[in-house]
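Okay, so here's the structure we're looking at.
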């Protein structure tokens, strides 16, 4: 039961979807770093609803307001606290959730865990809206990483039956990552956009939703970062990635693709180039023995279809213990994958900064 | 850089593959529980090398010796410390590793991180042998879980091109799990054994190795276990699973399969049966919002091919900074998947006990 | 560098003395507890400046504003976030601190640690004002403890040369604690108030300040609470008590008084009374082997004189590296001890709740 | 319930007084440090029983045996595991403790907490013997600190009615600390030894025991070490010091002496000397705002009289719930203070290394 994460940099997230505000406290940031708020707002906007036809029409400005930890635009070393007011709240839409849990949502498990005391309006503290503070923290982390030459970027790898190209593990650089993260609909090959959008549109029209995969890369991480045994980079990255609602799978490099491979095909050999050691391939996604090997870190994340759909679904009444059919009204994303892209980047950036500092 | 894991139950693992001994300290176990050592030895044997034609011929008895924390066969509440002597050590086999890192192993990253001071004999502290203490801890956890009606079991889901059946998410029970874990080669459908063994044999003959997937389930977990936000069951489970060497992917329920699905097909509805709420399907693998929903927990883990193969591979000499070709001699598993099955179970049992206590 | 504390209940404190606001996030509170805000305001007021002639004339309403974690007045299980606006800020008073560190303050050490980037207005994040969120957290903890029959209260044991009576370790009860905590100037024997106040007044007139001792007790804690080895109740209590600015000593029961005693005089024997085991004396302050023994927990805390005084003091100019004399203007407490009483109680309540939950 | 301590360097202690062995696992040590075992044995011997007429006649060689984490005498970066066999165990001496708890010991509280399952022979995991692994960890920490010019040393400040001189806070250097720690009976003024020994002897003859105070100093710590708010150096130091059995008070610098002082007398002013900032006095014991100020760290620790005495004491029978009188036979220290000196140093060294690394 913990909304606090991190070792050297601790992030504490608070708030509910339909409460007064959401926010976070970031403790342990080094002092003296100038924060570029335009960059932060840009990241926040990438995640915010209502920016794209493919997302929920609910609009939130997601304007982060700094309460502490900054002086003259620079970090002070004290906790950086930030809140975002919830401006566009229509609680009426969710009133029935209290008694009839939405399938594949946290409604039922939260009800059991908190004895019915949790705020269920809009998912409360479990809402995807709570990823906004994480994106804020990630945007700060990205800036600090960039001063060290580390860049993080992600793209939509798959939605439903439509795939984008995958990263070429061996040839990712910061320019490619910057280009991708600047796209409204982040794909490696933008020619896939039309097909993907129409895939989403198809499910929206049916009152349904669809899942996907996000692929994320980070370049510039020197070899030797991360811990052994229980503190592997894979452990800390996956731990925070699985904190993102709807994430149901995480893999590094070839990931599940390793299962049908032999070592002689996928082992990453070494060579000396210009007096430096580098890898001949990057099937391990930049991590060996839990520690970075200097190659780009590459990982993929599976996102399940948004469970809120308007089609009728079977549920139960928690009060009367009778079977019920539920049709979820309100403003929902037919596909959360595009908006989850900056959240995945934020999680990765946050963990990398914590590991490298 | 941490060999300590857990919140309420803290496990500290120590030792090197070719050192004097390996072991662990388990802190926080409740007092007064009788430990059945026959069961523990059975679990240890499942992981130990040399038990099966498909594994390395190196033989280790892996006899756990208790140093503290038990009195009259019962836990005392004080730390349970255990060591396993390394009896069958042939360090000569690994002498060349110091200068030429084995591809896809931790050799290079550990070299960078520890400045060449780490024990590289047999992989040192990074060796798969260090999973033996985890299996011990898991065996203890399993016993405590079973007193609460919770059972954990795993099977080989895939090796190379050969698949076993998957768990029927909705119909797993403790009898099925007990049956599977008692098999020397754990499959749901034992008719797949011949094909899988010949798949492994094929790679062994070529001096190569092959990867696979392990699927693990846990039954009997009541709804309401696990935390929200950063302490989701998926976060803690994946974090420990990625601490197992060779694990490169973790997914829950449908996992990456969600990517091509629509919500109306995969949302898990509810029904009332015998006055109790239960799920109509279990595509989420028993976890919603990071919290158990009462259905079996089901997850899959991707295992990469053992990187140690006798085929020639490209590497570098860390001292001379020249390219080299490496052929790894010694005793290696052509497929680590069968021996990793009890390790995956141990990781799952350990996390579940820590979450439920 | 951490403003997060606690195990099961994690408290994250943020803000600076002269920033926009201060506050805290409390994570891990059990769901369904009704919070009485009148009680919280009462506790906040006990600490707030300007309530008593003996404190600084700076007035702050210290009105806690809840942002999340409450619904219908009850805890939801989600993080309870609270902010207090800084309304009465006169930064001009502190302008010189940047270059000339105030003796015995954190100015110099924070300057070194944060490279001069920390907010030094009013002490910034190091200000005693940051104990307000702790008092808030303590007030919440007290309410939850009281539902379990546990009560915490403290009094001024000593200021300068004037002493109050000490607790009679063996005869403290909740009525005595409630009576003491309701006093504006908390003493066991209120006849000492005049003498203590004139002691403080003496130092104020001289532009000086004076130290003291606070004694705190907690009743109703059952035997068996706390951990062994590194998690002793004394460890966790002292750890949080030393987080209060100006605290320089912590002792349990006889504490430093044990040094000149023999065991036969101070060992706490047992007796059976009404079929129950109780202690014949309580020199150990209710804790043995780090674990509560059922007797009241009693501890004392040494508070140093407020370092901000108007008398001239020797300091240095951090920029020119020349010696300087500093005279601190502004609004300061000639004795912080009375206002520190509810802070000590809050720290004790917070730790006890975390240990008992 | 945790026998694990530390942030970057985690120490896990295990074992029982009359079990097979005791030991510890130290995780997070930097790689490549040569460990001098003669120095470690010297520290272990300072704490070991039977070395001095003033301590218990029980003899234990306390020979630390390294299991892992060292190669060629150097740290590898992997966990350093160490065990000490218990060679001189006479469990018969303690057989009655099971039913009649020894006053002021952990017997009763451990009985309640562990439901009577804890190992009570010789105090089990609560025994002072478990400070041996801490002394080992401290000896390792001291060596690493000394490579950075940091030295730790302590002396007996008081036993019963006899006092040693206190450290001259402003004039401590590494030569004084090395001299003191090399003494068999560590005093600043060795002329006090005869009086102190006769004080101890007096209580021994009466079958009683006596308490005392240990004063510890550390020199060479640069300004800027330690954290703000909840991670103050005082918090981490006191937390580990209170984990030492019999410690009932901790104070920094003047500590409780501050209570009767005014700021103008005790504030530590600054001056510039040889172009560097230094302190004019050190009443704060080297810590301001929780962070080191560059002056020596000075702290005192109160030790209660060893509770095991042969005089008759009032206790109860836990089984029959009747009052009983207990006379404790066996080998006990009439004064634990001399043997606790290296333990206090070890705790301080351990925390400083963890803070500085």
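Letters are used for the chains, namely A, B, C and D, taken in the order the chains are written, and counting of residues starts over at 1 for each.
Rule of thumb we're sticking to: contacts are C-beta pairs under 8 Å (C-beta built on N, C-alpha and C of every residue); 3 or more make two chains touch, one makes a residue touch a chain.
From a predicted model like this one, the values you see are computed outputs, not experimental measurements.
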{"item": "Fraction-based call for subunit B against subunit A, same above half, different below", "value": "same"}
{"item": "Identity of the chain that, by mean CA position, is farthest from subunit D", "value": "A"}
{"item": "Euclidean distance of C-alpha centroids - subunit A vs subunit C, Å", "value": "39"}
{"item": "Distance from the mean Cα position of subunit D to that of subunit A, given in whole angstrom", "value": "47"}
{"item": "Intercentroid distance (Cα basis), subunit D paired with subunit C, Å", "value": "27"}
{"item": "Multi-partner residues of subunit B (at least 2 other chains)", "value": "1-4, 13, 77-78, 110, 113, 125, 228"}
{"item": "In the complex with subunit B, residue positions of subunit A that touch it", "value": "1-5, 13, 101, 103-106, 108-110, 112-113, 125-126, 130, 158-161, 203, 206, 208-213, 223-224, 226-232, 234-236, 238-240, 242-243, 245, 247-264, 266-272, 275, 277, 280, 283-285, 287-293, 300, 302-309, 311, 313-316, 318, 321-323"}
{"item": "Subunit B residues touching subunit D - in the complex, by the definition given at the top", "value": "1-4, 8, 10, 12-16, 19-23, 25, 27-28, 31-32, 67-69, 71, 74-81, 83, 110, 113-115, 117-119, 124-125"}
